[in-house]
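Heads up, the next two complexes both have subunit A, just with different partners, subunit B and then subunit C.
This part shows the complex of A and B:
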């Protein structure tokens, strides 16, 4: 048997190639469903008639029957128009990140998941919300979840949002803090502060998600992560 | 040797990212019934979103070079979801879709919700001839990378067969349509490498859609019995598509 390797050090993981993903599962659309009328005078149907032969046209119907509809999860943000009401905007943002988390639910325990859901609900609490604030950015949240699965901390961080909706995670032990802001481009800004007899030492950096554990390793992150 | 008895397959972290039961109808349900359904299901679900369907007609007159576009709303669908956004119900004029996103708590829970909603739907709409039944399970195997490589053949049993000249594969997607004699239906089986949502992993999708569009059960009791049979069959298909090494990932 020949064994073929799948290597990740290849362009298929680049952002551009993701755009040409052929799986119907990824044909997400944020637009309302639109069908083109087949009975228009001189319209699209007439043009099609010139392009396809009768034999080919006959294939379309059975093929369409075979095709599955878009999974309901991919309809998540479909609304008739962009949500303008604050409660709708907050609901959409909350639902989007919950669906994102659902996508990796098998890597997150129920207790942890419930806690994260409560934190998101609390961050998007409409009573505390300022009109100028931005709800959580889904890409930043995606980066946060990826990092949590990688780090697997026993202690879960406190969460906040930056003005542009980036997730900010904070761990604290006595006066020592680790603060990480997850950026929408898959990078993370981190800040460590360490209290040495009243003097506070600080270190900070920006790194990609995979390198982050190594970047903060010299600062003994176990004190924040381990119970 | 793989045990294909579906009742014995209980995984603690099943790789199912979405399970769907889709019932399609010969004729569309009217606006009035859809509105009555909306009211009914608002009680069961936390949120609802309206999805309008438009018909766009573009008329181009060659002699005057003028064009005219007419947009008309043809129908409306509703998508309901629970507070965690992982239990979904989509009501379309010609279909009824129940979906469960991860975490998947098992067939019993999923099927009970389907039955509850389906019976409520039938009480409002009455008899509507079923034209297609589909059960779809989308699984994603997140395989840890070792030295940035994965031998996908060690985890899944569906992948493209290639000449040995090719030593590595960057990505693939395969689709097969297979008759399933056991349930007198067809299986549309997809497998593909997809971008992994987990760092340092490679993800492979196994998407099975079991569907039937002729000689369909029309009565509730027959439909429920048929869905149970499909459930057993889909478990068997999944077990055939993965290896023991893959099972280690989610047991």
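This part shows the complex of A and C:
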């Protein structure tokens, strides 16, 4: 059986000797020659692998782009390491967290979901932003949603953002406050402030998301969560 | 009054922190209730916390804040929903001492285009209780940017 292949201008692995040799299949002008081989399947397989790997090399980047979960508008940012335009970053971050929220809409309810959408839009209001600000971090937002489902508060929290894009949820009853910053690593920084006749007592900590309800339980969180 | 670069701001004077919309304490309808402690956290690239020296400028409170807003606007976006929050220098240092931060320094550090700039050093910004106390007890005078010319 005769097999045809295209030889390329590069060293190749000999079937028998298994060592790298200079390819005899290019001319003095450094251009590839087209040659015909009939030296058996093993050699053909080695050579074909080289030919195809060369041909596929050009396809690698486009294929990787198609398979990437990174939104197309962020690709330039990922490649160059430089931020894209502010409006693009805010749009992408808003879309990402809204999709995340839609995935758990059944646990949140339409009214609350719409309110959260408005709060996110408000936090990402481009008129309030600078180029070096960080939009909502998707992992922090995921942690926030998980905790909301766990805590099931009747009262919806106010929302803020740390400089590095962590979601900050806050509740206030009279002068008493509960503030929770959701970190991207699945933990939460919390602070309780309790006004006792003009004297303010404060407590704070960093907890795992699952432990957070227990950590704040001694401070009577129902005053913030229940209607 | 004018000071040399690096000189400490007098105890009786005031510094102003520009707090962006994201670092304001709000209810679920976006009504502003105060400042979040996170407004006093250093960014990864910062060595000191930035403020402006109120008394650098003459005139009424509004004149002073308008000058600060004008200077800040040349280098960053001063959003209409952001706030200018004023704190007394001695009160900041005293609040720090209350929480064990005895070496807070507040120094005049003018930069190009921001001649009233002040740098606050040695604030333990991982202490949320101290930051919340500064937000609630010290920076109690607040003016929204949209209320300034």
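Here is the rule we use: the second predicted complex is superposed on the first by the 144 of 227 C-alpha atoms of A that agree within 3 Å, B and C clash if a C-alpha of one lies under 4 Å from a C-alpha of the other, contacts with A are read in each partner's own complex, and residues count from 1 in each chain.
The rule is short, and it goes like this: contacts are C-beta pairs under 8 Å (C-beta built on N, C-alpha and C of every residue); 3 or more make two chains touch, one makes a residue touch a chain.
All values reported here derive from a predicted model rather than from experimental measurement.
By the touch criterion defined above, A:122 lies against subunit C but remains apart from subunit B after alignment on the C-alpha atoms of chain A. Touch criterion not met for A:198: it reaches neither subunit B nor subunit C. Using the contact criterion defined above for the overlaid structures, shared-chain residue A:105 touches subunit B, although it does not reach subunit C. Touch counts on subunit A: comparing subunit C and subunit B, the chain ahead is B. By the touch criterion defined above, A:168 lies against subunit C but remains apart from subunit B after alignment on the C-alpha atoms of chain A. With both structures placed on the common chain, the touch criterion links A:130 to subunit C but leaves subunit B unconnected.
Subunit A has no residue lying at the interface with subunit B in one structure and with subunit C in the other. Interface residues of subunit C, counted against subunit A in their complex, comprise 20-28, 30, 33, 36-38, 41, 43-44, 76-77, 79-82, 127-129, 132-133, 136-137. Residues 115, 119, 122-123, 125, 127-130, 133, 155-164, 168, 170, 172, 177, 179, 181, 189, 191, 193, 200, 202-204 of subunit A are the ones that touch subunit C when the two sit in their complex.
Interface residues of subunit A, counted against subunit B in their complex, comprise 1-13, 17-18, 21-26, 32-37, 40-44, 65-66, 68-69, 71-73, 75-76, 78-80, 91, 94-95, 98-99, 102-107, 110, 113, 117, 142, 145-147, 149-150, 209-210. Listing the residues of subunit B that touch subunit A in their complex gives 13-15, 17-18, 20, 22, 47, 49-62, 74, 77, 79, 81, 84-86, 88, 90, 95, 97, 99, 101-103, 132, 134, 136, 138, 142, 145, 148-153, 159, 162-164, 166-171, 173, 177, 186, 188, 190, 192-195, 197-200, 202, 205, 207, 209, 211, 213, 250.
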